[in-house]
Amino acid sequence: MSETAIDTGDGWFERDELDALRKRLPIVYVDAIPVRVDSDGVIQHVGMLLRTPRDGGISRALVSGRVMYHERIRDALARHLDKDLGPMALPRLPVTLTPFTVAEYFPTPGITPYHDPRQHAVSLAYIVPVDGDCQPQQDALDIAWFTPEEAVSPVIQEGMADGHGALVRTALASTGRLV
Amino acid sequence: MSETAIDTGDGWFERDELDALRKRLPIVYVDAIPVRVDSDGVIQHVGMLLRTPRDGGISRALVSGRVMYHERIRDALARHLDKDLGPMALPRLPVTLTPFTVAEYFPTPGITPYHDPRQHAVSLAYIVPVDGDCQPQQDALDIAWFTPEEAVSPVIQEGMADGHGALVRTALASTGRLV
Amino acid sequence: MSETAIDTGDGWFERDELDALRKRLPIVYVDAIPVRVDSDGVIQHVGMLLRTPRDGGISRALVSGRVMYHERIRDALARHLDKDLGPMALPRLPVTLTPFTVAEYFPTPGITPYHDPRQHAVSLAYIVPVDGDCQPQQDALDIAWFTPEEAVSPVIQEGMADGHGALVRTALASTGRLV
Amino acid sequence: MSETAIDTGDGWFERDELDALRKRLPIVYVDAIPVRVDSDGVIQHVGMLLRTPRDGGISRALVSGRVMYHERIRDALARHLDKDLGPMALPRLPVTLTPFTVAEYFPTPGITPYHDPRQHAVSLAYIVPVDGDCQPQQDALDIAWFTPEEAVSPVIQEGMADGHGALVRTALASTGRLV
């Protein structure tokens, strides 16, 4: 097995093969917006990963990743939260998998608020309260927490990749929170 | 103030006065379905209160109660959970107040699955994961936990008052769980 | 029966009596956002009523009104749409009564985005596509249709009463439309 | 291009190639439940296609199909409704693309209520009111309309393939209709 092979659950893809598929099929994704809530369930802070993206520079992103073959959405969500926030994050997965929105990422900008130059992804997006201690993993430099007001401020929004700024605003609006 | 007066937030009603209003205005309610979830967010058990209802006998019910004047829905939900499950229940209130269903309780049976001989109530219904220790309060004899399969079984369903059996089934269906 | 009596379904209230109750009980409301959609279901225009509000001046508002005693939410929604848009509006009522948001109107400003100096109202809010011809009724001077972009523009938002501007923005966000 | 090639929007797959991918990646689907509603939006009938499935016999199914590369969900939904119900069906696409449930079809039975021996599909499911005249197309023998009570009856449920019976029950429950 090549060093560039990627675990796909029951199967493996070579990096080139997956890159090619991403130009031919929509890919199933999950997006998670980590939040800190108070004892009444009100969102106090929104968590964002500080990343060095594909094209250089630095950007802020949410927890996001592919659903593997034969993987349940719930398991994919748990896996990506664990991978990005670390094993002590204690995320509270939703009781229902109906997403607050379906984010359609197109390689062509402007069709929707979401954009991914690598692929067409259809992403189920969830708000996930996190109780534990979050530690940046792998390619993340840091995890920062912002109040809802900060999270939608221009300076933070502009630093978010791929339409994740729009996703945060949609998430907050879905909770009745207009900021 | 009479001993039968009822706290209504900023105001008080005599019992007779409230009973009269219940025949003239729809009353705002919240219903909460207490659940135990596993670490993946999957519902393991549904909590039900064992009560001695108005008309005698014994019945099972969910957490349910009125929203007071000038009370936020979130506060009403917290108050009724605390009142029915005790102060150590540690309920996880939802981040959004969009209910999984709106239960319309009519004094006339058969208009909807929900029925309340005392009043017309419009109830916002929520699933609430509960982490802590629940203790029956006041008029409740016990709190029992049933698997989703048990909760929708005829023997349990028949023991539920006011259409709460239908509410449990609707709640489980809203999570994609058909039982 | 006095000329100021108000139909409440099975009962009637004197205006004074209802005004008094509005200070003591939350009142059940429905809000409807009339929209024009294209053949793909995409919102093209949002309808707003031009009204002369209680405190003088002119303001824009959505379809909004009380649920009567023993009235189903669906019937209240149909009744208020008919009353405000006229009998030829041909509204498409939603198949589910789960609202896109629950708007809590408090007499005290600032608790939520919604405010009603007369009362504490708990309102179930729906987006309602309208196919037919809308004619202003009774106290409405006009019905105007705005694109989503116009509807959230400062000039229109500022002219909306009671937090209806926030309701339009929340409605559009709930459809994945960030404007 | 081979006669067995399949249109995938911007690209084409050979039948063999697509079959192979279906064993390696989850495939994005949409499911639509065609319904007839009355003027109040209440579901009167549920539409089902009578089909001769892959393994012989006859079964009932909903409108269902793949989302193509670079195709919007809304366009995929319109395309499959048109393909299965004909050009005169006049479907009313939802204003929001948040599904009433996400159906996870696994090739292994029993993981979820949904099963597809060919593939792992993640399907966004919608209720779609249909106003016009529906005509069976291509591989469908007939389109039949059932009342909600009939649609969930054992005789109809048993004739439904791939968990579509569960999907109908979940759809009705999501509208507050327990049958």
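Labels for the chains are A, B, C and D, by order of writing; each one numbers its residues from 1.
The criterion applied here is as follows: contacts are C-beta pairs under 8 Å (C-beta built on N, C-alpha and C of every residue); 3 or more make two chains touch, one makes a residue touch a chain.
The structure displayed is predicted, hence computed values, not measured ones.
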Pair joined by more contacting C-beta pairs (B-D or A-B): A-B
Centroid spacing, where centroids are CA-atom means, of chain A and chain B in whole angstrom: 35
Averaged-CA centre spacing for the pair chain C and chain B, given as whole angstrom: 28
Multi-chain contact sites of chain C, meaning residues that touch two or more partners: 97-98, 100-102, 112, 174, 176
Chain contact graph, described as a line, ring, star, complete graph or other shape: complete
Of all residues in chain B, those that touch chain D in their complex: 101-103, 112-113, 166, 169-170, 173-174, 176, 178
Residues of chain A that touch chain B when the two form their complex: 35, 37, 39-43, 74-75, 78, 92-98, 100, 127, 129, 174-176
Residues of chain A touching chain D in the complex: 8, 10-11, 13, 21, 23-28, 67-73, 97-102, 104, 106-108, 111-112, 120, 122, 124
